C-alpha cells in the first residue's frame, strides 16, 4: 500500500519537477490575487494588514483549485488513469499519492504567498509555531479536499468549471478557522488562535476519514 | 406598508416557485409517459402500468 | 403519467391544506407584539427550511444506501437486486435534493425579506444564515454533478459520495461560523423559532400546521419527481433497445476479409 | 489450454450508446487475434472491455478466467492495453516514464532497459520530454511500457500505426515472443500487409457484433463462435 502511494506521489512530483506548472503558473497567479486585492482595497495599509490572514487563505484556496485541476488533468490526458488502473493500483493509493504530492505543491504555494504578504503588505509574525501549525493543517486539508473533488470530476466534460463550484463551499471551514488562527499569529487580533488551529486539525482528520471511505467508490472505475 | 409588500412577496414567491416546479415535474412525466406509451386509461395503451414503480 | 390514486388524494389534501394555511397565516393568527404583521413571513420561512432539512437528510440517507448497495453488489441475482435497490435510492436522493434546493432557496429569499423588515437589513453573517447559504450552494453543485452525462452506476456512486461529503461538512461549517460570530460580534440576532421570545399558542399551532402543509406538498412533488426519474430510466432502456437494433444492422462495408 | 476471452452476448454502453451490441467471441490462450472492421464497428471498445475498463452486461464475460460481470478490477493487472491514445505523461522524460512503469509493474531496472532497447530508446532519447517526441516515438515509449508490464493478454489498438519499419518489426517480434511464451494477443488494425497478420486469426466486427470469424491458418482446433 505505502509503496503504491509513494509511487504515485513520486510520479506527480517528477511531473512537477519537469514541467514546473505549480512554480511558474500557479504561484504567480496566487501572488497576482494578492496584488488585485490591494487594488480592491485601495492599497489602504491598515485594511490590508488587518485582512492579511484572510487573504492568505483565499489565495491558497484558489491555488488549490488550480492545483487539483492540474493534478487530475495529467491523469485524464492520454488515458493515464486507465494505465494506473491496469497496474492494479488500489483506488486509495491513487488518491493518497496524489493528495500527498498536491500537499507538497500547495506547501510551496503557501510559502510564496506568505512571502508575498510579508513583502507587499508588510505583516509581522508574532507567533511562529501557531502560524506554521495552522498553515500545515489548512494546506493539507485543501490538498485532500482538492483531490477528492478532482477524482470526482476527472474526465468529465465540464470538470474545469464544476471543480470550483464543488470545492469552494467545502473549503469554507478551513478558510474561516485558518483566517482566525492567522489573525492571531500575525498579531492583528487577540483571539484563541490555538483553538482555531485545533478546529483546522479536526477538519483535516475529517477529510482524511472521508477520503478513506470515498476513494473506492470514486476511483474504482468512474 | 413595507411589511405588507415583503410579506406578500414572500408568500407569492413561495407559491410561484412550488407551483412552477410541480408543473414542470408533472408535465415532464406526462411527456415521458406518452413517449413510452404508458399513458392514462383511454390512451389506447396499457393502463395497468400507469404507475411505473409498481411494475418494479 | 406520474399520478396515481394515492397521489391524487395527497395532492387534493395538500391543495386544501395550502388554502386553509393561507387563511390561518394571513388572517387568523395574531400579529406579533414586537414585529407586528411581519411575523407572518415565519409561516413560510420556517416550514421551508424544515422541509429542506428533511429533504437533505433523506438525500444523505439515500446516498449512504446507494454506496452500501453498490459495495455489496456481487454477480448473479443478488447483484441484480442490489443494483435495483441502488437505482431506487439514487432516484430518492435525486428527487429529495431537488426539493431541498428549492426550499432552501425559498428560505433564503423569504428570510431576507423578513430580515429587511425586522432587522432592517437583508443579510446577517450569522451562523445559521451562512450555513444555509453553503448548504444551498453545495447541493446546487450536487445537482450539477448529477446532470453530467455518465454511466448510471458511476454517476450514482459519485453523486452519493458528494452528498455525504456535504453532510459531513455541514456541522463543521455551522459550528465554526457560530464560534466565529460569537467571538467577534455581540450575541447574534436570534429571531425565529430558536429564540427566547414567547410565541402565542395560535402562532405555534399555525406554524406547526404550515409545516404539515409544506411537508404534504413536498411529498406530493417528491413522489412525482421520483416517478419522472424512473420514467427517464425506462425511456433510456427503451431507447437502448432501439439503438441496439440500429447498431446491429450497421453495414460492414469494410474491405472484404480474405478467406484463408 | 483454457479460454483467454469468453464473451457471450456482451453489451457495452458508452454514454448510452451501445458500442458493443451483443458480442460472442472466444479466444484461446496463446492465440493471436486480429480485429477488423470499419471505423466505429466497436474494435476499440471491445479491447477496452477485455481490459475491464468498460461497464458491461451480457450472458457471459470472462477474461483470463475472471468474471467481468461480477468484478472488473482483478483482471486489470494481468492485461496490457495500448489504445489509440498514448497513455504517457507528456511532461515526463522518457527515462522518468519508463522508471514509473517499471515501479508500477514491479519490474527490475534490467527489464526496463531491455524493453527500451527493444524499441531503440537508448541514448539521447531517454532525456527528452515525451511531449517533444514525434508520435511514432511516443508509441514506441508506450510499447516499451507495455513490454515492462509483461501482460498475459495484450490488447493493442492500431499498434503499427505511425511506426517506422524497424519498430514494426520489433513489435511483430515482441508479439511473436509473447505468444510463444503463452500470452494471448488481440489487436485491431486496418492494415493488410504486415507479416504478422498472416499468422493471426481474423475476427471481423460490424455494428458492435462479431460478423465473421475466420480460423487461424494451421490452427484447426480454434473454437469459432460467430
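The first chain written gets the first letter, and so on, giving A, B, C and D; residue counts start at 1 in each chain.
Keep in mind that, in the parts below, a residue touches a chain if its C-beta (ideal position, glycine included) is under 8 Å from a C-beta of that chain, and two chains touch if they have at least 3 such contacts.
Because the structure is a prediction, the values reported are computed rather than measured.
A.B. asks: Leaving out chain C but moving nothing else, do the remaining chains stay as one piece, and if not, how do they split?
C.D. replies: Minus chain C, contact groups: A, D | B.
A.B. asks: Pick out whichever of the two, B-C or A-C, is joined by more C-beta pairs in contact.
C.D. replies: By the number of C-beta pairs in contact, the winner is B-C.
A.B. asks: Look at all chain centres (mean of CA atoms) and spot the one farthest from the centre of chain B.
C.D. replies: That would be chain D.
A.B. asks: Measuring centre to centre with CA averages, how many angstrom lie between chain A and chain B?
C.D. replies: Each chain's C-alpha centroid was found; their separation is 43 Å.
A.B. asks: Give, as an integer number of Å, the spacing between the C-alpha centres of chain C and chain A.
C.D. replies: Taking the mean C-alpha position of each chain, the two centres sit 30 Å apart.
A.B. asks: Roughly how many whole angstrom separate the Cα centroids of chain B and chain C?
C.D. replies: Centre separation, chain B to chain C: 16 Å.
A.B. asks: So, what's the distance in Å between the C-alpha centres of chain D and chain A?
C.D. replies: Result: the chain centres lie 38 Å from each other.
A.B. asks: Send over the residues of chain C in touch with two or more other chains.
C.D. replies: In chain C, 149-150, 154 touch at least two other chains.
A.B. asks: Which residues belonging to chain A are in contact with no fewer than two other chains?
C.D. replies: Residues 220-221 of chain A each touch two or more of the other chains.
A.B. asks: Do you know which chain D residues sit against two or more other chains?
C.D. replies: In chain D, residues 55 touch at least two other chains, as defined above.
A.B. asks: List the residues on chain A that touch chain C in their complex, please.
C.D. replies: For chain A paired with chain C, touching residues are 148, 152-153, 156-158, 162, 165-166, 169-170, 172-173, 176-177, 180, 191-192, 199, 202-203, 206, 210, 213-214, 216-218, 220-222.
A.B. asks: Mind listing the chain C positions that touch chain B in their complex?
C.D. replies: 1-4, 18, 22, 25-26, 36-38, 40-41, 44-45, 48, 84, 88, 98, 102, 105-106, 109-110, 113-114, 116-117, 217, 220-221, 224-228, 230-232, 234-235, 238
A.B. asks: Would you mind writing out the residues of chain A in touch with chain D in their complex?
C.D. replies: Per the stated touch rule, the residues are 7, 10-11, 14-15, 18-19, 21, 74, 77-80, 82-89, 220-221.
A.B. asks: Which residues of chain C touch chain A in the complex?
C.D. replies: 67, 70-71, 130, 134, 137-138, 140-141, 144-145, 148-150, 154, 157-158, 160-162, 164-166, 168-169, 172-173, 176-177, 179-180, 183
A.B. asks: Within their complex, state which residues of chain C touch chain D.
C.D. replies: Touching chain D: residues 74-76, 79, 149-151, 153-154, 236, 239-240, 243-244, 247-255, 257, 259-260 of chain C.
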